[in-house]
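Below is one structure, written out as structure tokens; the observations come after it.
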Amino acid sequence: MGDVEHIPKELKLIDESGVRLDGRRYDELRPIRIEAGVLKKADGSAYIEWGNNKVLAAVYGPREAHPRHLQDPAKALVQCRYNMAPFSVTERKRPGPDRRSVEISKVISEAFASVVFVEQFPRTSVDIFIEVLQADAGTRCAGLTAASVALADAGIPMRDLVTSCASGKIGGVVALDLNKDEDNFGEADCPMAIVPRTGEIVLLQMDGHLTVDEFERAMDLSIVATKGIYELQRDALRRRYSAMAEQAMEAPPPPPIPSELPPPPDMPEDELPEVDDL
Amino acid sequence: MTAVVISELMREHINRLAASGKRSDGRVFDEPRSLTVHKNYIKTAEGSARVQLGNTDVLVGVKIDVGEPYADTPNQGVLTTSAELIPMASPNFESGPPSPTAIELARVVDRGIRETKTVNTEKLCITPKEKVWIMFIDIHALDYDGNLFDAASYGALSALSCAIVPASKIGKADYPLPLEHWPISVTSAKIGSSIVVDPNLDEERIADARLTVTTDENGDVRAMQKGLKGSFNLEEVRGAIRTSQRVGRTLREVIQQG
Amino acid sequence: MTAVVISELMREHINRLAASGKRSDGRVFDEPRSLTVHKNYIKTAEGSARVQLGNTDVLVGVKIDVGEPYADTPNQGVLTTSAELIPMASPNFESGPPSPTAIELARVVDRGIRETKTVNTEKLCITPKEKVWIMFIDIHALDYDGNLFDAASYGALSALSCAIVPASKIGKADYPLPLEHWPISVTSAKIGSSIVVDPNLDEERIADARLTVTTDENGDVRAMQKGLKGSFNLEEVRGAIRTSQRVGRTLREVIQQG
Amino acid sequence: MGDVEHIPKELKLIDESGVRLDGRRYDELRPIRIEAGVLKKADGSAYIEWGNNKVLAAVYGPREAHPRHLQDPAKALVQCRYNMAPFSVTERKRPGPDRRSVEISKVISEAFASVVFVEQFPRTSVDIFIEVLQADAGTRCAGLTAASVALADAGIPMRDLVTSCASGKIGGVVALDLNKDEDNFGEADCPMAIVPRTGEIVLLQMDGHLTVDEFERAMDLSIVATKGIYELQRDALRRRYSAMAEQAMEAPPPPPIPSELPPPPDMPEDELPEVDDL
Amino acid sequence: MGDVEHIPKELKLIDESGVRLDGRRYDELRPIRIEAGVLKKADGSAYIEWGNNKVLAAVYGPREAHPRHLQDPAKALVQCRYNMAPFSVTERKRPGPDRRSVEISKVISEAFASVVFVEQFPRTSVDIFIEVLQADAGTRCAGLTAASVALADAGIPMRDLVTSCASGKIGGVVALDLNKDEDNFGEADCPMAIVPRTGEIVLLQMDGHLTVDEFERAMDLSIVATKGIYELQRDALRRRYSAMAEQAMEAPPPPPIPSELPPPPDMPEDELPEVDDL
Amino acid sequence: MTAVVISELMREHINRLAASGKRSDGRVFDEPRSLTVHKNYIKTAEGSARVQLGNTDVLVGVKIDVGEPYADTPNQGVLTTSAELIPMASPNFESGPPSPTAIELARVVDRGIRETKTVNTEKLCITPKEKVWIMFIDIHALDYDGNLFDAASYGALSALSCAIVPASKIGKADYPLPLEHWPISVTSAKIGSSIVVDPNLDEERIADARLTVTTDENGDVRAMQKGLKGSFNLEEVRGAIRTSQRVGRTLREVIQQG
């Protein structure tokens, strides 16, 4: 699985009574906290803490795609850039994309492509930036979950939020949401992302060793978990909208300084409910 | 890769066929294209195979050389996989640094081999912490007619299966690379509401989603990778796993005997 | 970075304000934005700080690892500073190799720390000529609302001030990074004939010239960098130095206590 | 000369009776086998085995040249990319172009530029890809010879085929077509390419040490050899056309699936004879 | 300060009687020699020897800026590329830009931007190339000073010449124009560039340790020195114009060969005096 | 390099001249431009030369440093040649990584020196298998008026001929680089049916083909490189070799005495 730094051969990832090294049961998520609208310049943003993962997501767009020859005359591009800060891991990571982050950027881009109403914004791109500030396994799931909130915060019309989680196998036991030690010394990891209301699986990867039956159980764990995470996403957006509404009531009208921001994309009013029964 | 304009006519044609249970090249849904394997194709490589999956043609070479182990696995040989999507193979491939597609391909093939512990890397240690054998798997696509994931994966496994560790370089006897498993990846593509195995290029281009499932000789799952912009539901995933197990059994024999 | 089209209206607005002694965000000319410092923000780093200077938000991490000294300083640890202007932070930042702006930023922050001998690098020697501690300062801009030079500089100093040398890696006791000075950079911007301190993004964009002055706790000058296409006369430079000394004293306390 | 891995000082590249290490005489070519039309996606292709060299050549075009600012409004560009597979040599070669392959790509591009009727296809490029799969010295000659066949297979109008061969000097003797050991331990190598019917030399390189007289003899050997290779090229094309004709007679008409391939370039019928008195 | 190769701890950069290692006093410049119009292809050029520094500067433009998206519809870009030849320093420098040369290119570009009448040449770029052939500290000052002459030689309309110099601190003494040993073992260096007639400071950098009073003294030294350097710049241009005038009188009219050079930019006659009261 | 638009008028002019046996700068066909050589131009280099061939101006520096030998030549010093076609030298040169033209130039100059065994690399061994002297030849084109191949080649030979091995670095006495041969490259260009030596830029741009022939002091051929899109017949090649021998003899003296 991941990079292993020291191999404690006798390490027991889960004990006889089913308790994991960090005290969780096999079906327990690490603590998750999501906050929407945390950055000023981005059109939408979210911050997530997921166990010891700290991840920021920002969205810009729909904006003119460039270089121009990449523009799709029929729809918007959904482009994700997943990046790890050099200090986010134990051994400093050199700045810039490596092969792993290129692959993760690709599968996350694809995960959102069928959920965003791309036909509404031809020739544009919706740019998703995921920055891993502190990593402890599961960063792609955390990043995707945060990016979903950031897309909604940016007002990008979507069919629904996407929610992500992983399950795997440790010490012979199928378990939810592996942390770094579990990922390093466990037997399998299987991250997925789903549209919770429809059951569409938009991201699915797996490596390690699972029987078909174990795979089924892992997916069950993940699917149940995503329902809870989905509520946390919606809750973060609800808090964000409340805060904005309060601000709007309290704050004086903004000064008549000419804005350099482009006008908001011309999005049909009746699309908005699709994201926001929150 | 330049944008590919697919005529709507082609899309309609294939969709219409699929809706009536047919495929453009006459196969049934869960039928892979014919696979031919030519092992030991390249003499300068320690192992090699040229694999044709239908009209998709891939050459894989394995070079084995002495190098340093990773600090965290001081007793194990090292495996590293690269893919070049050279412009010879398709009008849509461009020269230059590896595209995201090439990187994903190399990483998926690599995981399929690595996670199955295909090669017993502990038998590739020369001096712990200092010297081990390093295997470079290089995937060279020659003619691209869809489903590079599986063709490259079969090529890599075939090349490994005939590779010789050049131990005479360090004063010992050469020996065959110690292979312990035979992971087979099988890719399914979703076209409308149909799912076809081993998509050809026309199918791949209009497919909504792709799922590559690698299974071992016990039928266990060793790697999965969903691709493209669409989705699968859980039942479709289950179907793809069953198909991978069944098709994999047949193709594993072809590769083992190739 | 793509060209930014600033409306002439914005320019006129800010210039008119400046001419009457005012700024668009209500500050007086020599008043920096409020500074908040969150040290030890990142557990995977040996030292870190998230710094908000108004709406400019910068995260700086310090990683410390064993490495080789430079041949000319065999008894000294090594300091190296990088900056990534990630596209998250601004619609005008692009991914890719560091832009000239990012390179200048990293080098100016680096000089501010290096030339002040902020870190006593002689206490970072493990084995002369062979092993020393290497400090990697990585500047990660998260939200860009002007004056990255100062925000990054405060972040770097804050992260160093709470960094721990991981000596337990080599069988000794961890110890705090030995800091000996507290250099503070303060940037002034010339807008028309006015000079304002700590420009926000709107001010920075229309500014004619920029001058960053780093002073130490004695008020001595440790680094300077003039930027942008305009000029300063000598009297304006003197004023910027005095401002840097005065503003620096206040901000140094915020960082020392942060 | 080339990279030398082990220096057997006493190595005798050619013995008293004029026999080389691989059994050839000074004026003997290694066995050459050429096959045309070996790839499906390329517009033209050829495979060559030349001693232990295995080389593929493919041609795409004439097609729109890009990036656009490279387009020549008066003629087609002829662009060759010579590449070695990482496993084609004893020591693995890192993927991607090195300085040697950049130079070879340049001289091969130039060798074809005067032979292709570039004026017929303004703003386009004719792209030649040469992939060395297994190398044993002489890959540029083998690649160029195969590329020539691939160009004809793609229907690119040319004044004639180009044929390539090298001669050099080993153990004091001027000899034809050096293999890798001879190239490494010999005294000179001189690859050339020629339009056999006109004697135009379109590629010429040399390194090592030759008196003017030795150079003359080396060129004589190469020129004679290219006449035979030229016949092999023509023969490969003849077999290719026969196969295509047979296929055309045997196969049912292709299904009326809309093709994505661009229409064939509008090439004057009367140009075709120029390549094909084969 | 700079890279230190060997640390002679007891090195005395300036002795009791105020004499520096190379025999200069604290307020003495190294010998400077400037020559204008030294290259044929460039639109303007200059060569400077400044102590042991040897630096060439060339100017091309105003010419169409490319890539196009960088063009400014309102004015010319002033773009400097400062580069060190690999052999210009003790340890060979790898070819191509490093971080240091990127920064120097940026600050020199900015130094000229307010002096060139950029509004006269929209959509163009004025490209300044500085090549350090032999380095001994102070190359940015030498390069900028030469570039200024090259701009005038190219006929680029400017408000005035820019002149550059550095001062610093060695052995506790504020001193003018540090050489390499002084830069390596001294306490501070402060390069600046100025428009001598107006006192506008267009480049200012400093690193090391100076009290405010020392900084004032360093600037005083530099400002005085630039007045002398300014005269050397003007003198080089005067000699250049004399030589051109002589040539024009002596030489036969140029042959009527069609030139490939673009027509000279349409620059108002009355701007020229601004640069050339030389 | 951006496309160069050459007016048809220029082409006609030079072709017409050539047809009547004349050249645009008044030379006869087999007459090179005047060559001036300034050796030891750069003090920071171990050897250097600034060479002017007509208006083509090239500076070549040789740096010599301690390094490791190649595994296959454990007793020999190493030679490596690079060329930068800096944008100072021509409006058609661009900054960035070496173009194919720069790479070809460096490789042809390198072969001319290497294949002639100009430098006795066996005298550059310090400790077999471990330490040898490495020579970096850097070609820096300053002003480009055609025929860089020859100018760079003369510059490289001149710089080598005055280079000093800095053996004092390793506690021995410095000594001159051991030169054993004096290879001279001479380039011929075909313009219509004429062949001219040492083409200037105008001639080079309209030339059909170029042939560089490097001969040694015995008149033997040591390297050849044909370039551009046209062709030579065998008789023309023979002529170019004879010209190279004859012109080479004269220029070799200039360089040896320079």
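In order of appearance the chains are A, B, C, D, E and F, and numbering begins at 1 in each one.
FYI, a residue touches a chain if its C-beta (ideal position, glycine included) is under 8 Å from a C-beta of that chain, and two chains touch if they have at least 3 such contacts.
Since this is a predicted model, take the numbers as computed values, not measurements.
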Joint neighbours of chain C and chain A, given as chain labels = none
Based on CA centres, what chain would you say lies at the far end from chain E?
-> B
For chain A, which other chain has the most distant CA centre?
-> F
Mapping chain B onto chain F via their CA atoms needs a rotation, nearest 5 degrees, of 120
Using mean C-alpha positions as chain centres, tell me how far chain A is from chain F in Å, no decimals.
-> 58
Per the C-alpha means, the centres of chain C and chain F lie apart by a whole-Å value of 48
Between chain D and chain E, centroid-to-centroid distance (C-alpha), Å = 51
Touching two or more other chains - residues of chain D | none
Where chain F touches two or more other chains simultaneously, the residues are 2, 98
Among line, ring, star, complete and other, the chain touch graph is ring
Starting from chain C and stepping next to chain E, give every chain of the ring in the order they occur.
-> C, E, F, D, B, A
Would you pull the chain B residues touching chain D in the complex into a rising list?
-> 2, 4-7, 9-10, 13, 24, 41-45, 48, 55, 57, 59, 61-63, 65, 82, 84, 86-91, 95, 97-98, 136, 138, 140, 142-145
Once bound in the complex, which stretches of chain A touch chain B?
-> 3-7, 69-70, 72, 99-100, 102-103, 105-107, 110, 113-114, 190, 195, 199-212, 215-216, 219, 223
Under the touch definition given earlier, write down the residues of chain C that touch chain E in their complex.
-> 2-3, 71-73, 98, 100-101, 103-104, 106-107, 111, 114-116, 208, 211, 216, 219-234, 237-238, 241, 245
Which chain A residues qualify as touching chain C in the complex?
-> 39-42, 52, 54, 56, 58, 60, 63, 66, 81, 83, 85-92, 95-97, 127, 129, 131, 133-135, 255, 257-258, 260
